[in-house]
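When the chains are written out, they are named A, B and C in that same order, and each has its own residue count from 1.
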Amino acid sequence: MNIALFFEQLLNGLQLGMTLFLMSAGLTLVFGVMGLINLAHGSLYMIGAFCCAWITKLSGSFLLGLLAGFGGAAIAGVIIEVIVIRKLYKRDHLDQVLATFALILIISEGTSWIFGSSPLYLSIPSWLSGSVPLPEGGSYPIYRIVIIAIGLMIAYGLYLLITKTRLGMRIRAGESDREMIAALGVDIRTIYTLVFALGAALAGLAGALVSTLYSVEVGMGEPVLILALVVIVIGGIGSVKGALIASILVGLVDTLGRVFLPSLLALFISNDHVATLSASLASVLVYILMAVILAIKPQGLFSIHD
Amino acid sequence: MISTPRIMTREKIINTGLLCLLCCAAIAAYFLDQGYYVNLISRIVVFAIAGIGLNLALGFGGMVSLGHAAFFGIGGYIAGISSQHFLDNTDVLLGLSGTNQMLTIWLITIIVNAVLALLIGLISLRTTGIYFIMITLAFAQMIYYFAISWPSYGGEDGLLISERNQLFTIATDNELFFFLICFSLLIFFLWISSRIIHSRFGAALEVARMNHVRLATVGINPFPIKLVAFIFSAVITALAGALFADLNRFVSPDMLSWQMSGEIIIFILLGGLGRLLGPVIGATIFVLLETFIGGYTEHWKLFLGLFLLATVLFAKGGLMQIIAGKKQHE
Amino acid sequence: MNKRANTAVLQIKSLNKSYGALSVTDDVSCELYPGEIHTLIGPNGAGKSTLIGQIAGWIKPDSGAIYLGNEDISKMSVAKRSRMGLGRSFQVSSLAMELSARRNVMLAVQARQGSSFRFWKAVDTDQSLIVEADEILKKLHIDDYKHVVAAELSHGKRRELEVACAMALKPKVLLLDEPMAGLDPSSTQGLVEFLLKLKETIPILLIEHDMDAVFKLSDRISVLVYGKLIFSGSPEEIKNSSDVKSAYLGED
């Protein structure tokens, strides 16, 4: 097997993992703290990408675009939380699923009404293009390495936030201690809005970061959302640490599986059907991973409810 | 809240009236030469059957499956694949030839989906709450991506069914005949599910939803009860899928998508969760919105979203609750 | 006592359960004999509910065994234990709240008949369920409420309904977790009389805080403190024990 290719794919997996982490951190926090399952999280990712693409085109600065993606999604998050999400905390999961499914429909159709249905494209700014050499003669784009670095920085930032700050303490107190927090005289509504906005901002950042890699279009959020849901379920819903580990795991399994599973299977059997079979198998590998993990640990790897 | 038989009758009158209305509308449309509208009503009926299936698991058993599109889509693919092999005169696999006989296709649909639902249920029902939602979603996604990446049956583009499958020698190409087949199945499944939910099994299933601790305490293990309900539910939804493929003469991975799963839940919710005819009402609202608002703007789902959001936030219980009052228990 | 040792209906043998460093059940052994009411008392947090949970099967003990008759039930599921003849009521009512009192009892009758996989015949008109359910409701004097949904019953009536559901299982043993809590004095009196009659046929392991009722009902009382059984004896012996006084009845 080609070592350079392997390294390249390893980094690709890591990059996908970091994007997924930015998505799933918010999802898992919102579930852990407020007990809410938010399917519209993918819409916030899309909002981030659109804001980034729009502002970058207006201002010519990708940095401003990133900021807009982060901020735009945060603002959208606050609006959504205040108008709709707030009413769902005490509802059952079915209501939450349906109401946030409705939000997806509303946001997606709204966006395509405003921006039209043709995708937007953004190129990597010159100061972030180029690549670094890999061992054994490969090379790797700087931009993707930046994404990995940002993901790791955010992970560290979240770690500090959760373990070292008062807000983090309240977050860790978690859903079960809702009454306790309220009794401490903390304004719980504001905390919930903040946590939701933080999750939204991270999703928006993820969308903004990949807006130069993929086309920016309506519906881009849902595939990522579903992978992020897989991530938080594997990681144990509510656990940020679990989300980080599961993100990397899912990113690697998905990326490496697609590249290497066909050749791996071909080592053992070779005919046409195996090629198509392995391609199909590779595309469902993460779901198989999730089913296996849940069959063994129904609460995920790092459940906060254990 | 002592049960009041008067309201029970009211729901029954509404149910009967609605079914008659659907049937008469289809027949009238046919004789007014409006084949399009007959097909539209068939679409309502097929969606309603899918909803009746899911309602058994979700409405009565409290299992929030976000993966029923898997069964709906597989039902559709069985109809499509079988028909393709029949028309090409080739084997499906291992010397098994295709068929265009609906009864055979339905039988295969029942068997395949029962086995699949058994496997999915065995794993998924070990979990509860949010994990159950996610794992059913994951299984459906697995099948969705598999269908997309499997080129023999159209992959992403889907599969055309050039001739509708046949029921004996009935001309299924005739819109009214096809409608009547769907409608008969609708009545059949309404009858079946009504029997099931009022039976001993149904009583146990309802308590599994309301309070599984109570169920176990009286000595009934909730797991097999839920599993069997999940299988019934999957099979009915799958049969709707087979009909849907024939109705459109087309199967695509869209039938397997998680949006489809969401829409099947919407059929139930708009009408009324756990109400016998809830899915019929919900599917009617859905198709009406799709057709009439969809006629004005391609963004009709924006309005569906708003409608759904309003229902969840302000009208839990769906339209049936508004017109027939709260659900009654003996 | 020795003569009865091999006839115990329910036998708990050195049960242990701890959560981390906290031992909630500490080497507990006790028995329940035919014809008796054996009451567990102890301060809040003594581990009474955890013990009941382990007997009923919701909580898995770390070690020890539970015998119902001669059968080791410690590996069985909750439902299996109920079918074996372990009836129970809960400290916080656990009923199908949206169903009528009668339907709650009918479910238990149905469970005992072992016939939940019948898909066709309507329950509403199933006389084999209704007749028996109504009999039990009558026995507990709650037949006036048979059409009322559980959610709208008073706290006390729900208590009695739970006992009715347990009775419908025709259990060999009853575990009752604070059945008197929230009952008004006349209902308490009624339930005491009912239990005194009932124990002739079904022995009862009782958890109760109402000490009047405890002394009226119990043949034997065991005292649980910090997960340990510190004393077991007749009501008279309990009243006279200085250990129990200091540990539990300290206020006297």
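Definition applied: contacts are C-beta pairs under 8 Å (C-beta built on N, C-alpha and C of every residue); 3 or more make two chains touch, one makes a residue touch a chain.
A quick note: this is a predicted structure, and the numbers were derived from the prediction, not measured.
Q: To reach subunit B from subunit A by way of touching chains, what is the minimum number of steps?
A: 1
Q: Where the centre means the average of the CA atoms, what chain is farthest from subunit C?
A: A
Q: Just the number, please: Cα centre separation of subunit A and subunit B in whole Å.
A: The computed centroid separation for subunit A versus subunit B comes out at 31 Å.
Q: Which whole number of Å gives the spacing of the CA centres of subunit B and subunit C?
A: 44
Q: Round to the nearest whole Å and give the separation of the Cα centres of subunit A and subunit C.
A: Using C-alpha averages as centres, the distance is 49 Å.
Q: Name the residues of subunit A that each touch 2 or more other chains.
A: Residues: none.
Q: Name, in rising order, each residue of subunit B that touches subunit C in their complex.
A: 1-3, 195-196, 198-204, 206-207, 210-211, 213-222, 225, 228, 329-330
Q: In their shared complex, at which residues does subunit C touch subunit B?
A: 56, 58, 77-80, 82-83, 88, 90, 94-100, 102-104, 106-108, 110-112, 115-124, 126, 147-149, 151-152, 165, 168-169
Q: List the residues on subunit A that touch subunit B in their complex, please.
A: Those in contact with subunit B are residues 31, 37, 84, 87, 91, 93-95, 97-99, 101-106, 108-110, 112-113, 222, 226, 229-230, 233, 237, 276, 279-280, 283-284, 287-288, 290-291, 294-295, 298-300.
Q: Which positions of subunit B touch subunit A when the two form their complex?
A: Its residues touching subunit A are 58, 64, 66, 123, 126-127, 129-131, 133-135, 137-139, 141-142, 145-146, 148-152, 258-259, 262, 265-266, 269, 273, 299-302, 304-306, 308-309, 312-313, 316.
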